[in-house]
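Following this line, the structures themselves.
Shared between the two complexes below is subunit A, which pairs with subunit B and subunit C, respectively.
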Partner chain A sequence: MKVTIKNLTKRFSDMTAVNDFSAVIESGELIALLGPSGCGKSTMLNMISGILAPTEGKIFFDDEDVTDLSPEKRGVGLVFQNYALYPHMTVLENICFPLEIKKVPKEERIARAKEMAKLVHVDTMLDRKPGQMSGGQQQRVAIARALVKQPRILLLDEPLSNLDARLRIEMREEIRRIQQETGVTTIFVTHDQEEAMSISDHIVLMKDGFLQQYAKPQELYDEPANCFVADFLGNPPINKANGVIKNGKIVLEGDCEVELEAAKNIAEGREVTLSMRAEAIIVGEAEKACVGTVEEVYVMGKEVLAYVSLGTTKVRAYIDAEKTFDKGQTVNIGLKKRGVFVFDKETGERLA
Partner chain B sequence: MKKLFKNLSFGRVLIYLFLTVGAITMVFPFYWMITGAFKSGTEIISFPPVWFPTSFALTNFVEAFERAPFLSYFINSVVAMVGSVSICSFTTIVGAFAFSKLDFPFKNVLLALLLGLMMVPFEMIVITNFRTIIDLGLYDNILALIVPFTSSIFYMYILKGFFDSIPNSLYQAARVDGCSNWKYLWKVMVPIAKPSLVTIILLNAIASWNSFLWPSLAILNKVNKTLPFGLYSFVNEGGSRTELMMAASTIVVLPMIILFLFARKQIVNGVARGGLKG
Partner chain C sequence: MSSTPVKKQKMTLEQFKLKSEWLVYFLPFFIGVLIFTLYPIVNVFLTSFKVDFNYITKEFSGWGLDNYKYVLSDPYFHQALKNTFGYVFVVIPISTCLAILIATLLNQKIKLSGLFQTAYFVPMVTSTIAVGFSWRFMFSHNYGIINYLLGFFNIAPINWLGDPANNFYALCIYGIWAILPFTIILLLSGLQNIDPMYYTAAKVDGAGPIRIFFRVTIPLLLPTIFMVIMVNTISCFKVFNELFPLFQGAGVANNLYTVVYYIYYQFRVLVPAQYGYATAAALILFIIIFIATMFQRFVEKKINN
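On to the complex of A and B.
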């Protein structure tokens, strides 16, 4: 099912949690709703599920306007961060519950619940209570419960953040598998960029209630729409250096001149932020963009990370394990096309 | 290290000694009452006291039943208790749910007002309650023992606290599945709150069973009296037959003791668990 969100706004008494949000989610896709804590992701999800009424704007499921429809009529499946399983019911009873409310005959609902349990691999523990299961198992049950009524859309609100690191990776692959097997349109809320990058078809990146960028994971990484997007994605975090455009070059603080093809079209005197991913900085390159000083070299397993100062700004760069540099050595710095961006210093708008 | 250990076990002995003394102090009156109910008239006043009754014949009970209508006292007590406790439990559950999970105008003001009312001691409301009962034409009627006790702010507030601790996401999950408030309350909230509820019901039942002041005001005729009030009258009228008083007292407390023995686990659970694990 296709979801269309038009100019959605949610204002609480003293603040705007979601601001003029528009997006179209294609049928059968897994979308990650990504953003820092408090940016309005849950609010957004609750408006789609119908738990919260939007202040302004409309939501369409396919061509049907569901803005004023109550939650149970929307056919959504919800999975919560804390699982929200009914503690006094067994796994089977939990999964059956949505069907029980819909008055599905007992035999049919048990059959369907068992089928769902199989899909999420909890079919061996149907008689357990949630309290007797691990977090990952509980989360699977929660997913089964959300899916058993065959929802038109599956909504997951930070479903993995209560799990430990290894289980998180395992479960996110599970979620991807289940989503692919069922083909249900899915919105997955997370504040973890890696989680979003690894399983989603598209990512919606939010900040302070505003949509920042809606794109494929790789596109988000390679072509960030603004400074915030570039900052938010990537590990180690992207390097940032402030500077001014002078004679088609970027002059960084501390008088470091950077020659950059892309900077040539930017107006003289504009204050900019030069953002460079660690893998886009080449230390000791003949074809230089600027000159820097090696400050520190760290060997971390297969990777070698160098701290280099460009003017007064220190940046992290990956270097070839074969090359050796001394501390304090002056080196040529090359910048790749990919992974180097120029933003307006004030607005964060992408300039190049 | 060894010394510490020794001290510890010495402390233990002290604690157990203390607890034993406490337990005996608590239990002894009951023991005296129950054994007294089986003693003869001479045994009960003899000195040194008779620790064990010589026979376990029920003559004292039979005589007590003959002298006063304890059976109808008992039935009245049961009717008053079951009536007030069941209605009160219902209003407690519904009220706690409304204050915990629903939104309505002046919710907080109303709650504050109700809590404020809790400060008024029962003895003060007695007069207004009495008037109300008379106006309703329920004076000297068993219903007079039920109607004023069909709701309890205190229990509602306790249960609301427990309901508050149930995560909201459970409610939202149920709502999205199409579960009505009503169904959610009875299918999810109440089963989860069962330990607290049982405790509340038991406390309420005990209070109802033991209540004396109100029945003594609202009831006039023998046929409508409850056990504690009936016992009081019996003691007043029955004179100095201590063994009969003991038998009658045993009749009054026995049901509560049995109730407690059956529900002991539930009570302890309710008190110990309190919250809901996430």
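On to the complex of A and C.
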């Protein structure tokens, strides 16, 4: 089912949680609502589910306007951050509960619940109470309970945040598998960029209630719309250096001149931020963009990370494990095309 | 190990102070418990087995079960048992159901809910006896507000306090009123401990308020309900205070003996005081309450599994 969100705004008494948000979510996709805490992503999810009423704007499921419909009439399946499994019911009873409300005959609802339990791999523990299960298993039951009523859309609120690191990777792949097997349009909220990058078809990146960029994960990484997007994605964090455009070159603080093809189209004297991913910086030989000084070299297993100063700014760069550099050595720095961006220093707008 | 023989040293005052420090913390409390709790309990237990015990001279003719035989065959004790059990079986279910209902309503986000919570708490901070007297007026045959209100439903005035047939009901109504605030407070705190996400989850699945109440709220509140029933059952078995403001005794025609009133009667009203009978009755009540509590624990465990 396709979800269309038009100019959605949610204001609480003293703050605007979501600001003029518009997006179209294609049928059958897995979408991540990504952003730092307080960016309005959970508010967004609650408005799609119908728990919160928007202040302005409209939500359409396919062509149906659901803005004023209550959650149960929208046909949404919701998985809560803390699962919200009823502790007094067994797994089977928990999964059956939504069907019980819909007055599905007992035999049919047990059959459907068992089928769901099988899909999420909890069919061997139907008689257990939630308290007797691990976090990952409870998560699976919560997904089964949300899916059993065949919702038009599945919504997950921070589905992985309560799990330990190993389980998190396992469960995110499980969510992907379950989503693909059922083909249900799914939206999940997360603040973890890696989580969003690894399983979603598209990412909605938000900040302070504003949509920053809505794109495929790789596109978000390779072609960030603004400085915030570039900052938010990637590990280690992207390197940033402030500078001014002079004679088609970027002059970084500390008089470090950087020659960059893209900089030639930017107006003279404009204050910019040069953002470079660690893997886009080539230390030593290659074609020279600027000159830097090696400050520190860390060997971390298969990777070698160097801290290099460009003018007064220190940047992290991956270097070839075979090359060796001394501390304080002056080196040529090359910049790859991919992973190097120029933003306006004030607005964060992408210039190149 | 060193081969020097262990010298038996005299403990210095410092060492003694260190070693006996715990006594300073322990004794004040323990002496209190000893005198005011343990001694009376043991004394009651022993006294109940003393035949022809004279409280003044402390003489008795021997050990035996005579007191129990007397109490168990006393028609007044039979009446006391009947009234006490009747009181428990009427007051507990009605007060528990009412309290759950009121606590659920108080737990809603309604205007003035703070005011209501205070209002329901008032009976708890007032004296049973003092408020009991105002209940006397409310129960009044000709002028009472209760009969006045019943008049709207075309119910003829009931002689609550004057007619022995109605005494028991008056006692129960008053008892329910007296027990409600404590029960409501406990249930309210139980309700507030339920995570609201369960309600949201049920609502998203389309559950209505009645289904949510019976399928989500009540099961999650069950531990508190059990606790409340247990505490209230124990206090209801000990019904006694409530008799005085309403009847100045065991009903208008000595028809409202309760077990505790019977105990009181044996050692406070009778001359000479019958301590043997009173203590025997007290131990019988203890056994009844003990069995009732164990039964409730058993039921609670059954339901939890």
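The rule we apply is simple: the second predicted complex is superposed on the first by the 351 of 352 C-alpha atoms of A that agree within 3 Å, B and C clash if a C-alpha of one lies under 4 Å from a C-alpha of the other, contacts with A are read in each partner's own complex, and residues count from 1 in each chain.
Here, a contact is a pair of C-beta atoms (placed from the backbone, for glycine too) under 8 Å apart; a residue touches a chain by one contact, two chains touch by 3 or more.
Just so we're clear, the structure is a prediction, and the values are computed from it rather than from any experiment.
Taken together in the superposed arrangement on subunit A, subunit B and subunit C clash.
Contacts of A:78 after superposition: both subunit B and subunit C are touched. Legend: residue contacts after superposition of the two complexes on their common chain; A:131 is shown touching subunit B, with no touch to subunit C.
Shared-chain residue A:246: touches no atom of subunit B or subunit C. In the superposed three-chain model, the partner touching more residues of subunit A is B, compared with the other of subunit B and subunit C.
When the two complexes are laid over each other on chain A, subunit A has residues 49-51, 71-73, 76, 78, 80, 82, 84, 86-88, 97-98, 101-102, 149 in contact with both subunit B and subunit C.
Interface residues of subunit B, counted against subunit A in their complex, comprise 167, 169-170, 172-179, 183, 187-188, 191-192, 194, 276-278.
Here subunit A touches subunit B in the complex through residues 46, 49-51, 71-74, 76-78, 80-82, 84, 86-88, 97-98, 101-102, 131, 145, 149, going by the rule given at the top.
Of all the residues in subunit C, the ones that touch subunit A in their complex are 195, 197-198, 200-207, 211, 215-216, 219-220, 222. By the touch criterion stated above, subunit A contacts subunit C in their complex at residues 49-51, 71-73, 76, 78, 80, 82, 84, 86-89, 97-98, 101-102, 149.
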